[in-house]
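In what follows, chain A forms one complex with chain B and a second complex with chain C.
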Partner chain A sequence: MSVRRIFARPARFAAIAPYVWMVLFFLVPFGFVLKISLSQTAIAQPPYEPVFDLTAGWTAIRAAFAALGIDNFRLIASDDLYVFAYLRSLTVAATATALLLLIGYPIAYGMARLPKRWQAVAMVLVIVPFWTSFLIRIYAWINILQHDGLLNRVLLALHLVSRPVVWLSTDTAMYIGIVYSYLPFMILPLYATLAKMEPALEEAASDLGAPPWQVFWLVTFPLSLPGVGAGVLLCFIPIVGEFVIPDLLAGSNSLMIGQTLWLEFFTNKDWPVASSAAIVLLVVLLLPLLLYERLQRRQLEER
Partner chain B sequence: MTDELPRTNAAAHAAGGDSHPAAGEPLLRIEGVAKTFGTFRAVDGVSLDIKAGEFFALLGPSGCGKTTLLRMLAGFEAPDEGRILLGGKDVAQALPHERPINMMFQNYALFPHLTVRDNIAFGLKRAGMARADIAARVAEMVALVKLDGLEKRKPDQLSGGQRQRVALARALARRPQLLLLDEPLAALDKKLRESTQGELMQLQRRLGMTFIIVTHDQEEAMTMADRIGVMNAGKLAQVAGPRELYEAPRSRWIAEFVGDINLFDAESKLRDGHRLVVGTRDAGKLVVAEPRQPVGESRFSVAIRPEKVKLSRRGPVSEAGHETAINRLDGVIADICYLGGTTTYKVKLDTGGMVQASVANSARLDVDAYSLNQQIVAWFSPDDCVVLPS
Partner chain C sequence: MRKVSRLSRFNIASLAVGLAFLYLPILILVIYSFNASRLVTVWGGWSLRWYYEFFGDRAMIEASWMSLRVAVASATIATLIGTLAAVALSRGERFRGRTLFSGMLYAPLVMPEVITGLSLLLLFVALNAERGFWTVTIAHTTLTMCFVAVVVQSRLGSLDRSLEEAAMDLGCAPVRAFLSVTLPLIAPAIVAGWMLAFTLSLDDLVIASFTTGPGSATLPIRIYSEVRLGVKPEINAICTLVIALIAIVIVIASLASKLSSSQGESAAPL
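Up next, the complex of A and B:
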């Protein structure tokens, strides 16, 4: 297809644009990382070998290919450190996502039931934190949670505690940070599904004898499942790889995989192992995504 | 339609408009019900009795409050004033799921995640019915609305007509004392709408259930309902059977809303025995029968339905002695609108006004059809005129 015809058909161009994007900014970098993950660490610049040199001729490239191996993946599978980091990441992400759903659903539901003009205001209020840098907001939490921070002062003033509570460097602080940061990503898809739901459906359910809690469980919630799925994925996947929040708010006794990765890259300078860890993380994250897609496709086929 | 008329009128007279019924309590009594949204008075003091087994239509233009009234009966809105008595018990503040009333929604509101069977069974399960009984009732409903073989489909795998049937079956499944239908046929095309009207009427009679239908379509209301309540600006303007509503509208607004009508504003009046000679600006002197309620000194109009206006080239064929009593208007044909079964002619009168006449096309080849600008005589009997207060 000639360039002219592509531009003559904007719809077709729009259809290939995401693929071009994916190839350029995902597939090509992924290729680099995959290659490094199969290399060996070396005291060199760059810190791994073999290095492909296209000018060195055919035999040299073949030799470089032969030098690639899966030793790093074996290491990751055999070392408890990585296995625990993955497990901790998944546990933290699952717990945080559950908390986000519990907190985000009522908020989204409330928003969707507001009068139309107030819905826009509520929407802005949900998005407004994005206007401040994420990092600054996490540092603000450090301020609030520290020994003589706002939270402890309020608790002391209300006589709820007799001496300051240790918040910083605990899992509680990390969960507060994660839930706070990701809440909009849970609320927005939920709100979108709930707001476009026909109010007559809930009325029909109550007309047919369902008390309010049954109306919710039998009609509202099942119909909001696409929004729940989207919100859960939008939160779960980035939380698994989260680095900044656990690094700043949680203790250092157990690391999430994002922190482990960072250590391998910047402290140990072991790029190949770090790359392998990143590849494994990607595979781990692809699984729930594929599962979700399968589910959605099955729902579509049922229709 | 014609064989419905005696029953329809009997029902209308027995119920006697919105006054108290002669014998027994009505199934539903609406007493001075009002509802205000902000500063807008959507329903403004409506009182109405509906007997068990009646097919009642609430008719009115959009925004007249008919849907709000229906929603108050279903329990989705609580009235600000007044009582709603169902079988003698005030249900005005009861929640929707506590009322033995079911509703068929305008866009059906079928649960998209449930099959046809589960949609119909939804209300039965909420009532705590035994599984075997639910299955039997669903099968009965499916047969009743002729949905056999579609039980396992989801709503979006159904046609508009099929969805409408599922909605009806779902609303009927609990055998409610009262079924509310909110514009139930609005989403169907004309042919399907007409056949469904007939089916709804048969169903209602067979089940002996009480139906209240909300519609903006006067033909639909006339065809189906025993009685019609015409609403305007939150108030019930008239409650009557279809024939009474059409032939004896209580006000000028109703006469214009229900069907087409020619209206002539009266300027003077003279009594002539049991007739009234009315002077009008647009149509000269018109002779009308003395109205049941004397007009007194108030302003009024003379109204005549287009199908009661006859046209001829030379004036009325005289049946000895009657000619003086006949209203004769001379004019020219200004517009012709062929509608298939009938043709509507607009006649520009020599006196300045316009009169519309609807003529049945009783012959296929009408060599005698009138043509544009033709001199014509429009005439009608005094008994066909209605006197309406302005």
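Up next, the complex of A and C:
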């Protein structure tokens, strides 16, 4: 349509400012991460070398390039600490995402079956915690899970345990924290696909004699797969790099990669190794990131 | 004839348990912030003691002020640029570099914060920029403008385009058609986008930790360093204040999206 095309031209100009911003503050910084991941640690300010100085002339720049090397990546590949951290991050993220799906699905399913009026209310109720501070929600759980916290006191009062259980600094606490924080991210895409589903399909299946579990397993679940995919990616990717939750709720004997990166950077002041860890993390997440990006684009643009 | 109800007992139970799980911890935190006892777990009667303590804590007040300034500044810039991005994506048809553009806008939504934070810090160090208010603001803008873009884009996508086209058929220039027809229609989504950007900025710990400099800690940074030392009743009070502030923001945002949904399909929150 020609009117559309006339409208599109100035709309394209609107891309300039955000384009420049994102190239400058999102894309270019990755170049610096890559460069510093190839540099050596130095006791200097900034704590790495070589430092590129564009005014120093061509030979100096060539020398600086020559000083770059992949030592940091060798270190990460050979050091068990890092290998375990990556493996642990992936396991934790996979387990937590599975838990989120198991817990989030029934809730989303319940929402989609509410009368229309109540669906909107339920949706707001699920979104509101997402708006409340992440840190505060983790902190709320520390209150509950600590040694003489509410959970232990309730368990003791009900005589379910004879002495307080250690909850904090365990993987259980970490999984509770992750599930609690990411639940809205799982519920919302699931709900979006489940709510759009034609109820007649389920009714037809049950009219033809399928028992409820078969209706769910053969009709409802396969049709909700796009929502499952979106929810899984929306949770899995950030959980792999999660820092705050394992730091505050899990024990310190096995670290996730976000924590090792943080330690290298803030405690050891080893910027090059921290950068290499970030690059490896990015490579690990590249495939899920690309999948997620495609899904998001299709969802927003192919209406 | 319609079926009476498709809602089973299992559906209701899972909803009830799910919502209780989401709200109980926050509720408990808020109640305990009014606890008179120093021991966080023993109930010593109602009191505002920890709120007085907070208002007497200079470092906390300074951090709160810093966080509020960053949140307002970054949300405002993010809303401006994010809205432009949404317009370009949903109305710009095809243009060169469009795939890269949308990729750069969607990636930060899920990108682990440690990566975004580290990469921005390295940029600021390379540029020799003084770290503090502006570096944190730029970092938060980069993250939150993507959320604004998604919220506004989903509203633009559900909008009836014949309205813009009618205005242009009647002789409006494109920019004018946008300003006088499209913009008022997407205004609620823009407001909601600002609010979301504001709360995200107020909440962020990781990116702010990387990009801030010595002496300019934000509230989450202060809270985090206190929480690492253990639970303190004063933190409960601060958290309750933050929750109250965010609650006000949510009420305004939901009023805005109510306006938006009365004009058509409601803007998706994410």
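Basically, the second predicted complex is superposed on the first by the 263 of 303 C-alpha atoms of A that agree within 3 Å, B and C clash if a C-alpha of one lies under 4 Å from a C-alpha of the other, contacts with A are read in each partner's own complex, and residues count from 1 in each chain.
Basically, contacts are C-beta pairs under 8 Å (C-beta built on N, C-alpha and C of every residue); 3 or more make two chains touch, one makes a residue touch a chain.
All values derive from a computational prediction rather than experimental measurement.
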Report for A:99: first if it touches chain B alone, second if chain C alone, otherwise both or neither.
neither
May I ask you to decide whether A:33 touches chain B, chain C, both, or neither, giving the answer as first, second, both or neither?
second
Looking at the overlay, does A:210 come into contact with chain B only (first), chain C only (second), both, or neither?
first
Residues of chain A touched: more by chain B or chain C?
C
Look at A:174 in the shared chain and tell me whether it touches chain B only, chain C only, both, or neither; answer first, second, both or neither.
neither
By the touch definition at the top of the document, which applies to A:273: first (chain B), second (chain C), both, or neither?
neither
Just checking: does A:240 make contact with chain B only, chain C only, both, or neither of them? Give me first, second, both or neither.
second
Going by the contact rule set out at the top, does A:256 touch chain B (first), chain C (second), both, or neither?
neither
Contacts for A:228 in the overlay, against chain B (first) and chain C (second): which applies, first, second, both or neither?
neither
Show which residues of chain A both chain B and chain C reach, each in its own complex.
203, 303
Chain A-touching residues of chain C, taken from the complex the two chains share
3, 5-8, 10-12, 14-15, 18-19, 21-23, 25-26, 28-29, 32, 40-41, 80-82, 84-85, 87-93, 95, 97, 101-116, 118-120, 122-123, 125-126, 138-139, 141-142, 145, 149-150, 153-154, 157-158, 161, 164-165, 168-169, 174-175, 177-178, 196, 199, 202-203, 205-206, 209-210, 220, 223-224, 227-228, 231, 235-236, 239, 242-243, 246, 249-250, 254, 266, 268-270
Residues of chain A touching chain C in their complex?
1, 3-15, 17-19, 21-23, 25-30, 32-33, 36, 46, 103, 106-107, 109-111, 113-115, 120, 122-137, 139-144, 146, 148-150, 153, 180, 183-184, 187-188, 192, 199, 203, 233-234, 237-238, 240-244, 248, 258, 261-262, 265-266, 271, 274-275, 278, 281-282, 285, 289, 292-293, 296-297, 300-301, 303
Touching residues of chain B toward chain A in the complex: what are they?
74-76, 95-97, 101-103, 105-107, 109-113, 122-123, 126-127, 154, 156-157, 170, 174
Quick one: in the complex, what on chain A touches chain B?
198, 200-201, 203-211, 214, 218-219, 222-223, 302-303
